[in-house]
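Just passing along the structure, written as structure tokens.
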Amino acid sequence: MAAASPAIAAPSFRKLLFQRPAVVVALVVFVLIVAACFLLPTLGVTEIGGMSVRKRLTPPGAEYWLGADAFGRDLLGRLLVAGQTSLGIGLGVAVISSAVGIVIGLAAGFFRRLDTPLSRLIDAMMAFPDILLALSLVAIFGGTMVNVILALSVVYAPRIARIVRASTLVIRELPYVEAARALGTRTPRIMVTHVLRNIMSPILVQATFIFAYAMLAEAGLSFLGVGVDPRIPTWGIMVNEGRRYIDTAFFLILFPGAAIALSVLSLQIVGDGLRDALDPRLAKET
Amino acid sequence: MSRYLLRRLIGMVVVIFLVLTIAFVLVRLAPGDPASLLLGPDATPDEVVALRRRLGLDQPILVQYATFVGNALQGNLGESLFFNQPVTQVLASRAEPTAFLALFSLLVALVIATPIGIWAAYRRGSVLDQGSITTAMLAASVPSFLTGLIFQRYLATDLGWFPASGYGGAGAGFGTRMWHLVLPSITLGITNSALILRFTRASMLDILGEDYVRTARAKGMTERRVVLRHALKNAGIPIITVIGLTFALLVSGAVVTERVFNLPGMGNLVVNAVLRRDYPVIQGTLIVVAGLYVLVNLLTDLLYLVVDKRVKY
Amino acid sequence: MTFRAVCLAGSAVLAFAAAAPVAAQGTVEVAIVGDPDTFDPMMSTKDVVSIVTQHFMETLYTFDDNWAVVPLLAADMPTISEDGLTYTIPLRKGVSFQDGSAMDSADVLASLQRWEKVASRGQGIADKIDSIKAGGPNEITITLNEPYSPLLSLLAFSNSAAVIYPEEIIADTIDKPIGTGPYKLQAYEPDQYTQLVRFDGYTQPGEAAGKRQQIPDEIRFVPVPDTSTRVEGLLSGQFDYADSLSTEAYDRIAKSEVAEPVLLEPFGWPIFAVNHKKGLMTDLNIRRAVQAALPFDDMLFAAFGDEKFFQTDGAFYPEGWTWRNDAGTELYNINDQEKAAAYLKEAGYDGTPLRILTSRQYEFHYQMAEVARMALEMAGFTVQMDVVDWATLAQNRDNPDLWDMYITHSPFLPEPALTSSFFATAREGWNNPKKNEILDRFTRETDPEKRKAIYAELQKVAYEDVGLIKVGNFNALQGKAKNLSGVRPSPWPAFWNASTAE
């Protein structure tokens, strides 16, 4: 029971998170990517949005550090601005889908009467293939950043809900939760103190995934031709635009592709580290 | 147990009905008119109106819905606007590549992920753990269409090891068709392996932290036996969950992969249908996929019952 | 006629006249951009429908290598009455349909009547047709109520085509097309292939149309929507021919050992269609501001990347075409944003967004729009880019409330009157009285030399009134297997003479 107390878990959190060098490296990489995307453009590091058509597809060099795209726009500047959108989409989807998923999942797992209808709702939502659902939603409501975030949140929230429900089903039967209930602790309190705390790690792990998967899904939607308005660049759109220049200007897919891969990868490694660190049972071991 | 089954079966019907309704509403809200698409760029507005009438697109939406549900209950999913064939027939002809692609790529993913996941958890924190996981995750972090494109370009076009695209063409034999699925399955399998790997590892870590496993260790059981006997057995729930989840990922992964390799599967069908506003096909695919999905969910839940005695219904 | 419509860069074409008979052989696989939505060419204006259906459906007339109208199912060119109102068309005897029945004037009559009713191009001239009558089993007579010189081109065109069906299968929709072509539709697997096999009862057309040798046993059209996938399929030897490739792939295909590029030079013209019905562009000064602001050379460069693939050319027809003239082209590629700003001031422009409707179905449309936007903004326009998918575009452009300009393109057509934008009834609604008068004269005139002169007037007024905006000429890239010969480069390549040398 003591393991549930954050006072004990916290020191081991730091310890565990940083015990593994890969986690530290990943964290640093991710923070650097975020910082670059959000800080560098405001510092005026590169000229953004300028178009010199005659310089299209200039390879990386002194003039354009990462080269120029098919419109003769600076790739670095575009990459950074696109990163804001891509990361924003990932974060937005992770947060919204987790919040919605937790509420639905807890309710379904804890209140037997709600379980059936909510489970049916979860089942119904999950029965849609995610790319297709997102594709339809974006096609219907238009390819704006907000719509892409909402569409992907609708797609991923049931996944969180399902995991939360499954875990809740197990945890609520655990002796100490039953004991708390027997002692008269009110249900919301039980849910928050015991259940939520116990299922936080799978949610966090899953949310990290969703962050990463949302970024990949956005790239997939762009590939299928239904993504964010191309006037607002994302890394997915940039990779997809770069595809046709794979022979003449490989750097056009290399850099945004690497940006996606690095972000997704570092997120997952960090998530992994978080999971190890936050799990109280593992914390006890070390 | 049988009452539970009955309840679940009723639930299944409810879910499919829900899906049906949602799909119908969603699809009808979409902009883009099938009539003007069918007629091409030079069609006059009058022609478009006439064709809309002929296709029943001018009926009140509720009438369209009622007609649709009535027909669906009789196994009639309507006629594709573009193919002039019953939707069921179109779907049936697309099931094979998608089914085998999903199966093969799940196998690829499991073969890559399960052993590495267990091993990584067992050797948590080691160079092997971090190295293998990082590699698997890196491969899965590249957008799958890019992985597919690169495979296609180098392994198929340049080296000629695999077919570049398609499904063998008219009258291709079973072997030829499966041969065309090799590269797509590897692409999709790699993309999905990271999720399974992480889940396997995570649940193994969970189990290894459980009291009874530590007790077993304390009793002097060898690590290997601890892993194999207790841990693997109890890791069942999360692994079943992840296979259930992966089904959805595989289906939507198939959408992108089939597009890259131009496989005539349901994924490709659905993208074309969405782009062409082929309402009956979109709805038909949703219903079929939803049905399959609900079935998989039922099986997963039943497996929970078998694997984990702590779950009560 | 001396002009050359299409020439092929860097590769030899097997001429039709090739003397030695080529032995029948195997299957030709062709990668196309998507499934034809219909096998009834009357119902569609899409190129992909024309490409496939021309193999099994035939028209009374067709175009030869030089885009001259020549008889196909007709036995000869029509006899035209002095007043230009009556066309008497003799029909070939002994032509049989793929269902075994013989073609006679009743079939032609029923088909042309259907064409008038259901085909958009047929509907376009229905009000000019007084009657269509059969004059005996092998003769058809079309009577017009005013002279209409593009009639034969319309009858020859494979797009919204006046194809001939057996009378018995004529209906509002025709799902199983039966024609007289050298191939017949054998099987259609949506998204997989359309399979055509040789029609053994085929009878060859006259000399002028050229022999349709029926060399491949089978022609298979495979829909491959993704341009990269078409390139990979061609380079890996999967396809004998691939349509509509990205010009960026040119060098890679040129380096290949199994395939080579086919450049259609020049192929066609990207167009900014102008909304004359509603909104900003109904103001001539606004239209002139757009015309003055646009940097056509940059737009073409951004879209096609290399001078090899485009020409900055304002004339509506390229060098070598009979319709070419320079009238009005001093207004092309002015690329002067200050001048545009002056026009805007004159118009009292209040910052209402100029809505450009485009999609990424064709990447060059989007790329040209993006460069245009930059220039228009420099001139002082507020620009709203509506980038939608093709389905939405196809719907929205029919609603004049939703756009000011949309982007499209067209191959260079053998007859200018086939370009619908010139007509006030088209969705652009360009209803300028002076233009209407010129167009009317143009379609009534039958003397080719006089028509040329009137066409120059039409082009001039199109520039002065900014009826439509031509961006330039572009070349289209197709690709073929090195061992494939006998395919005439065309926006609508045909494969009845294709042979694969082993």
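In this document, chain identifiers A, B and C correspond to the written order of the chains, with residue numbering beginning at 1 in each.
Going forward, a residue touches a chain if its C-beta (ideal position, glycine included) is under 8 Å from a C-beta of that chain, and two chains touch if they have at least 3 such contacts.
Just so it is clear, the model here is predicted, and its values are computed rather than measured.
Closest chain to the protein centre (all Cα atoms averaged), using per-chain Cα means: B. Here A-C and A-B were compared by C-beta pairs in contact; the pair with more is A-B. Averaged C-alpha coordinates put the centre of chain B at 40 Å from the centre of chain C.
One simple way to say how far apart two chains are is to compare their mean CA positions; for chain A and chain C this gives 47 Å. Distance between chain A and chain B, defined via averaged C-alpha coordinates, is recorded as 20 Å.
Across the assembly, chain B contributes residues 31-32, 149, 153, 259, 275 that each touch 2 or more other chains.
In chain C, the residues that reach two or more other chains under the touch definition are 228, 389.
The multi-chain contact residues of chain A, meaning those touching 2 or more other chains, are 139, 225-226, 243, 246. The touching residues of chain C, counted against chain B in their complex, run 29, 34-35, 37-38, 43-46, 49, 118, 120-121, 123, 160, 172-173, 175, 187, 189-193, 195, 220, 222, 224-226, 228-229, 232-233, 235-236, 238, 389-392, 394-396, 398, 408, 420, 425, 427.
The residues of chain B lying in touch with chain C in their complex are 31-34, 36-48, 54, 80, 82-85, 90, 93-94, 149, 152-153, 156-157, 160, 163-167, 169-170, 259-262, 264, 268-269, 272, 275-277. On the side of chain B, the complex with chain A involves touching residues 7, 11, 14-16, 18-19, 22-23, 26-27, 29-32, 124-125, 130, 133-134, 137-138, 140-146, 149, 153, 194-195, 198, 201-202, 205-206, 209-210, 237, 241, 245, 248-249, 251-253, 255-256, 259, 267, 270-271, 274-275, 282, 285-286, 289-290, 293-294, 297, 304, 308, 310-312. Interface of chain A with chain C (complex): residues 51, 53-54, 56-57, 70-72, 139, 143, 225-226, 229-231, 243-248. Listed in rising order, the residues of chain A touching chain B in the complex are 19-22, 116, 119-121, 123-124, 126-132, 135-137, 139-140, 159, 162-163, 166, 169-170, 173, 202, 205, 209, 212, 216, 219-220, 223-226, 236, 239-240, 243, 246, 253, 257, 260-262, 264-265, 268-269, 272, 275-276, 279, 281-282, 284-285.
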